[in-house]
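In the part that follows, the structures are each spelled out as structure tokens.
Next come two complexes, and both contain chain A; in the first it sits with chain B, in the second with chain C.
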Partner chain A sequence: MEMTSCCSVFYFRNELAVLQALSSTVQRDPTASHYRFQDDPYLTPRTASEFKLFSLSQESGRNAAKYIINTYPNFFLKDYAEPHIPCLMPESLQPKVTEVCEAGLRELIHLRKVRSAVDMYDRLLQAGTVVSLELTNNLLDLICFYGDQDPVQGDQAEPEKTAEGEVVQDPAPRRKEGRFRKSDSLHRTWRKDNNAERIFHLMPERNERSYGALIRGMVKYGAHSKAFDLYTDMQNNRMAADVHAFNALIAAAPEVRQKYSEKWDLIAEMLKQMNKLGVRPTLLTFNTVLKSLLRCGPLSRALVLQVLGEMKALGIEPSLATYYHILVAFYRQALSPSTLSRTMLTTDLLHSMMDEISGKVFDALDPDDVYFFNYAMNICCSLKDLGLAYRVHSLLNVGDNWKLLGNPSREGFYYGSLFNLVCMMENIGVVLQWYRDLVPSLFYPNSHTMRDLLQALDADNRLDLIPEIWKDVKQLGLATVSGDLAEEVLALMARDEHSPEIQESFANCALAVKAVYGHGEQSQATLDFTASALCNMATILLAAGRTDQAWEILQLFKANNRVPSEKLLDEFLNSAKSGSNSEQAVTLVQMSSSFSLPATARLAQRVEQEFDLSEEQKKALQDVEATSDSDKD
Partner chain B sequence: MYRRALVTWCQGRSPVVFAQDVCLYYPKSNETANLRVSRTIVPGVCRTLTAGTPLFSKDPDELPSQDATQRRDTKEAERQEEGKPERPGKEKLLEILGQMKVEVVSKKPKVPQEEGRSRPHPAEMESTISMFQEATAGVSQQREKLSPKLVAAASAAAASLPDSARAESELLQQLRRHEAVTQAQKATDGSHIGLSSLRSVRRKMQLGGKRLNIFTQVDAKAKEEVAAVPAPLTLSLWDVEFANTIGTVVNTLPRNGFEEMIEWTKEGKLWKYPIDNEAGLEEEAQVPFQEHIFLEKHLDEGFPKQGPVRHFMELVVSGLARNPYLTVAQKAEHIAWYREYFQSKEDLLREAGAC
Partner chain C sequence: MAVSFGGAGLILANHAVAHMSRTLCAVPRARAIHSTAVCCKHQAARIRVGKGDKPVTYEEAHPPHHIAHRKGWLSQHTSNLDRETGAAERTVEDIFIRRFIFGTFHGLLANELVIKRRGNMLVVCALFTQKIPAYKLYFLIGYTETLLSYFYKCPVKMEVQTVKDKVVYKYL
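This part shows the complex of A and B:
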């Protein structure tokens, strides 16, 4: 018998393959909150503000822990982990090398300490040491990137030390922040007496990297024309800029020219020079071209598609940012408030685009990628194209594309507009399906969305679901935000006649709504009663046959200085009649006269005719009539 | 609220209600459920899409549905059969054309249902054009070229619209363009007319057809050369910060426990699957086992060859040989410590007679 040895080689593509395979088997649970909150059910966020608060506090906790470890490294030196885990060890943020030497400069550059690095460099020069070109270039990179100021370090924002040396500090929480924040970069400008320029001029020899660093820094901090001057310098010295410098110049081009055609000419000129020098453009180059094209006015529409053609001809795969810029070029007028332009546009472009990119997996290659989904959904909403919205949404489910939706607030906008469109265009079954799917695990609707939902219910005659929706509204914290939702709910419930069970549930709901008004607990915001709300509440309660509670509401009118409508009083009369309660009827008439309603006389007459009244009651009625007559005169 | 408005509006008149074939993309599945959802659509943009009805029936004598429309019930979902099969008569086509224009549902409630051509409402130009686009899919396919009467019909239609010159050229263009479409549809079964044909009817924007022609095409050899040059090994500050920006902007928070474990693995906090218990011990793997076990060579110098010290050291060495937790360097360090210790205590040992 022959034994054949079969050795099956069982290998994994990479170390993450097992986990990725496992995670692909898990789907989202629409009834659960996001994974990061699943530690403690008490801390499941129920409203949008809670969500934000909890996620920020999680992040801030992590930052605080990191801060403590880094500030007191002597307590965290023992290394238990085998193999060693470097990211859990304290990081040293202070430079260790103290003397003036190149290694010190290198360390300071590594620690991103701009001022100290510049100081060290100056001291080195004074001491006469020749600093290597590469190190100087690194230094230039550092200065140009941070605009000649120290970066604001998020987890080390100016701690105030108390007497005991403890640090009282509130680390500014930011989701997934790196160690260094350049939040102020937008406010910084390129100063005239700049360290970067100074060092640049001091350099005995400069290479393309030095020029490149300076050009990029200048463009980043707004010194656009200087960047172009420097570029001309480079050309005179017969140096070839690299692709990053060219990208920066293209980004700066719209700023240095006035007319649209000139702007485009400059951009095209840059591209031609890139070609001449043999610098290959990258995805970022073309994305920058598109971004600058958007500043070129009406030229953008024609040229944007040509740029896309160029990319494809060169074999560069477009990213979502590319498509985003193209959409902006075509649709930015549609999304502007003027309605005239809105009708001229069709969704053709977006459809063709979706034809092209459906089913593709996109990587995050450009920070502008995250704007695509929101913008596309916005377009679908404005142009009321539901099928297209579904296509865009299906692209989100491919692979890892969900990551390109950005931070939670962006997600919220996206799902909000999708849900609004669905409410407008679909029947109630589908709307409710989406509602249960999205809320609240993916987004927290605002009152506008809830109102859309109520209208959808109304259009499809599913008003019986209103009590459930009201429960959701309360849980989302939208009940007291503005009185509109409560009023709308009450109005919808009071409007038509329904079957007895539904009236019963409406009555319960109306009482729940009533609890929102008036004086709640101290910490809650409350609404004031309005006349229409009270009228509707009373109507609902009467329709459900709860006359006692309805009468309580009637008392509230006086208490809150609101005037009941005549229709309401008629209804009360009807109910009093059906209960044969002449006492109530008389009270009603008296109440109506106390409000000086013009219908008092009519009501009094009605009571006289329809009820059996005792002597006192008749007398009371006559008094009322008398007063109302005298009022009329 | 478009749907609500239309529902209330439709209750009073005998309008034309269209059915729309909607491909519903449910969120979790990739299949498209083709449901016929009878919905009235936004006024102003009315698509006379029909599906399922044989628009291109081969029967040339089928009457147009003009009479049928009048009989229609307004409340239920209706299907407007506007596509007419091949009728050689040009008048029929014109009637069809006219009827199609009639079906523009504008916000104004009058919807003329008269025979023949009636003036279209001054609806928004775009809606007419789009409707016309879709509707011409239903036009007879027997046309080889545009008849002058059709041209006349188009120009008459265009005359009523605000921008007549542009509308006319648009309409004619559409007609010409849809010849090809309708010819292609001739052979197919009419019931397949659905969204797909209408997509082809829709003006397809060419994404990336034309080029700027600025960059020269890189030929294969140059591509190889470029590929042969290794990418720069050092990442500059700009690159690192660019990667950081992307990282902050993109949503990378894990959605379930497995994704969290993926994150931890990438950070180095978690063992890599499949578990290899020699992970992290790469340098140790290079050290051959002989160096761990045969440590006598360290005793060759610095220690006496005989005597209690040597005996002791041999015990130390045999203990170290069995110790799996120390690296070779650490073992050598142990032995070196002993070497120094004994050398410093040498006079004491000589006095005790142990050297």
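This part shows the complex of A and C:
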């Protein structure tokens, strides 16, 4: 921000300079939710699915308002704003010009109505008017960009028409995770009787732009070999393709050749021709070269660094996508789950890369930029290198680089792997610090992450924090997803002896966990009691001295068809002894015989020895012993 | 101003006064009607005390002379300052916004809206009850913000707070 004073008038270099200076004084608030939500406990999302639900419903509200505004524009035409704000006026989505003329075609192209534009063009030709070259080129651009179909609005998928005129349903959009995530539109393929090709052949004269548009459309929609045929056509007519067409051809090169060396030869050929024609390569050219190199097998490792060198020699700043492709080339083998040679990592490329790019501010220049941080963090996790992970994370905090993390689910993966690594390697103090910082303002952990956190607590002997963690687990909605977390929590609490206050808090926590099992409300998913869970619950309650509640749990065993362990019954006997309650002891023995446990005889003997029993109780015990003896026979 | 109409207000000559005073006792005396200009009770924004079963919020319970003493302002803009214009337009906008939000968030408003104008931005501060699930509330918030922005050609933001039920101050 620069202020210059000129006759007592201050002006700033940038209108936003004051706001930016103010915002640089404030840091992220780890207790607040994302800024798009309202600041209210009822309206703050607590799980990842709530986050998505709330943001989507807010967005759909906006779309509903836009629909109403565009359907009834006459209410929104009064202009209060000075100067006029065009983005707050209703849009007219219907074309105004109705006659068949060039202005009508121009308008339809502007409104992105592909089919009507093609229709209008045909009618113009039939009427005999000569459509200018530039307008035809615009039309070709439109058709090739949208693949000869109208752009799909939301979930109105129109049925495709095949060459025979039958109506074929649009294939359900596949969602592939990872690098090859395509949107719905790219599942269209380039048809044989395309409008674009037809118009192209009808054109009296074509220039580089027409060829370029067609080549790019073909590559975008999968007709790679046709694109190359068109390119040779272009060369025969002695026309020079522009840089965008060359980028498309380089992207298509791996598809039209089979062997790795041939693929690379074709790419190199394209580059040489670019050089010959004097077309200057851009960042996107080099990124496309790298991307296609990755399809060339073992050649990629050797050549990516050379390509990077070429880029720097030409003075083009690499973007994050460049570094991403280089990382993939080197670490792809080591990270894939199928290879066994995970320890065969003979490179410290990521270290040298971080040396080079630490502290730099990156812009979003390539759609593949968003994959970098996730992949780098993945590599750090498999290398178990915490220092490197911290370096990657500090790069994220430089300037506006956080915007290059991608959509919220991608962010979730990144922070999830970072937190897993921290849990594994750092001591509990640092782990808890990170936990408070990241959750839940930046990411919502899944049950795997919470398990890691519990293990870290265990390793550092801080089990007294378990009740708090359980509260968080419930709030995140992870308690009922699978029974593992609840069982793990109970097992950890029941394992060792602790001081009385901790036992108290454990007992309260155990009761809270118990509420998760059993029959909840109709809409909630519930878990079934398992034997180990019940055993652990009873143990914890006994250790805290809550015998009544522990006895209730015993009843639950029978109700849910679960068998208690012998160790548990011993503990109950101990507690009955300390309470001098012989009635309970006898009931215990009867219960164990009803489960047909082999330890019944031993328990009965113990009760006879250690307790003062009345006559009926002794008789009941003998009955039990008799039945258990007969069982053994 | 008091005006008296006398039923027997005849103006008599002086010489007959003495005679009249003796005979006045015999003439029936009529009562005079006094009347003043109409002076109605204040009834603006007041809820009269009733049986004691009507719940009333803090805002509703205090009549307007308590503004700036026990109440704040519901609509904050600078048009009422010296040499500033546009107060009437702001008021009309406010009325529209209040009705619009009352209708859109039907049955959810726990208290009157507070409308603030900062720069060219309109901030609508609302207090809602938690009768509908949160995602439906977000739908309505997104819808309102966009529609009002397009209507008034300025950024409109909502700052929402929720309460379990309407907060009752007393029962009147």
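Side notes on the structure shown:
The rule we apply is simple: the second predicted complex is superposed on the first by the 588 of 633 C-alpha atoms of A that agree within 3 Å, B and C clash if a C-alpha of one lies under 4 Å from a C-alpha of the other, contacts with A are read in each partner's own complex, and residues count from 1 in each chain.
Keep in mind that, in the parts below, a residue touches a chain if its C-beta (ideal position, glycine included) is under 8 Å from a C-beta of that chain, and two chains touch if they have at least 3 such contacts.
In this text the structure is predicted, and so the values were computed from the model without any measurement.
Chain B and chain C, once both complexes are superposed via chain A, fit side by side. Using the contact criterion defined above for the overlaid structures, shared-chain residue A:Val370 touches chain B, although it does not reach chain C.
After overlaying the two complexes on the shared chain, residue contacts for A:Lys66 are found with chain C alone; chain B is out of touch. An angle of 100 degrees, to the nearest 10, separates chain B from chain C at the C-alpha centre of chain A in the overlay. Of the two partner chains placed by the overlay, neither chain B nor chain C lies in contact with A:Arg602. When the two complexes are overlaid on their common chain A, residue A:Arg188 makes contact with neither chain B nor chain C. Once the two complexes are overlaid on the shared chain, A:Arg46 sits clear of chain B and of chain C alike. Judged by the touch definition given at the top, the superposed model places A:His498 against neither chain B nor chain C. Once the two structures are superposed, chain B and chain C can be ranked by residues of chain A touched, with B on top.
Looking at the shared chain after the overlay, A:Met311 reaches chain B, while chain C stays out of its contact range.
Look at A:Pro83: by the touch rule set out above, it reaches chain B but stays clear of chain C. When the two structures are aligned on the shared chain, A:Lys272 is found in touch with chain B, with no touch to chain C.
Shortest separation of chain B and chain C in the overlay equals 6 Å (C-alpha atoms, whole Å). When the two complexes are laid over each other on chain A, chain A has residues 85, 88 in contact with both chain B and chain C.
Put simply, chain A touches chain C in their complex at residues 37-40, 42-43, 50, 53-55, 57-62, 64-66, 68-69, 75-76, 79-81, 85, 88-90. Against chain A, the residues of chain B that register as touching in their complex are 1-4, 7, 22-25, 27-28, 30, 37, 39, 42, 44-45, 124-127, 130, 195, 199, 202-218, 226, 236-238, 241, 244-262, 265-269, 272-274, 279-281. Of all the residues in chain A, the ones that touch chain B in their complex are 12, 15-20, 22-23, 26-28, 34-36, 82-88, 138, 141-142, 145, 175-178, 182, 216, 244, 268, 271-272, 274-275, 280-281, 303, 305-314, 326, 343-344, 346, 348-349, 351-353, 356, 364-367, 369-370, 384, 386-387, 390-391, 393-394, 397, 402-408, 411, 424-427, 430, 434, 437, 452, 455-456, 458-459. Here chain C touches chain A in the complex through residues 130, 134-147, 149-154, 158-162, going by the rule given at the top.
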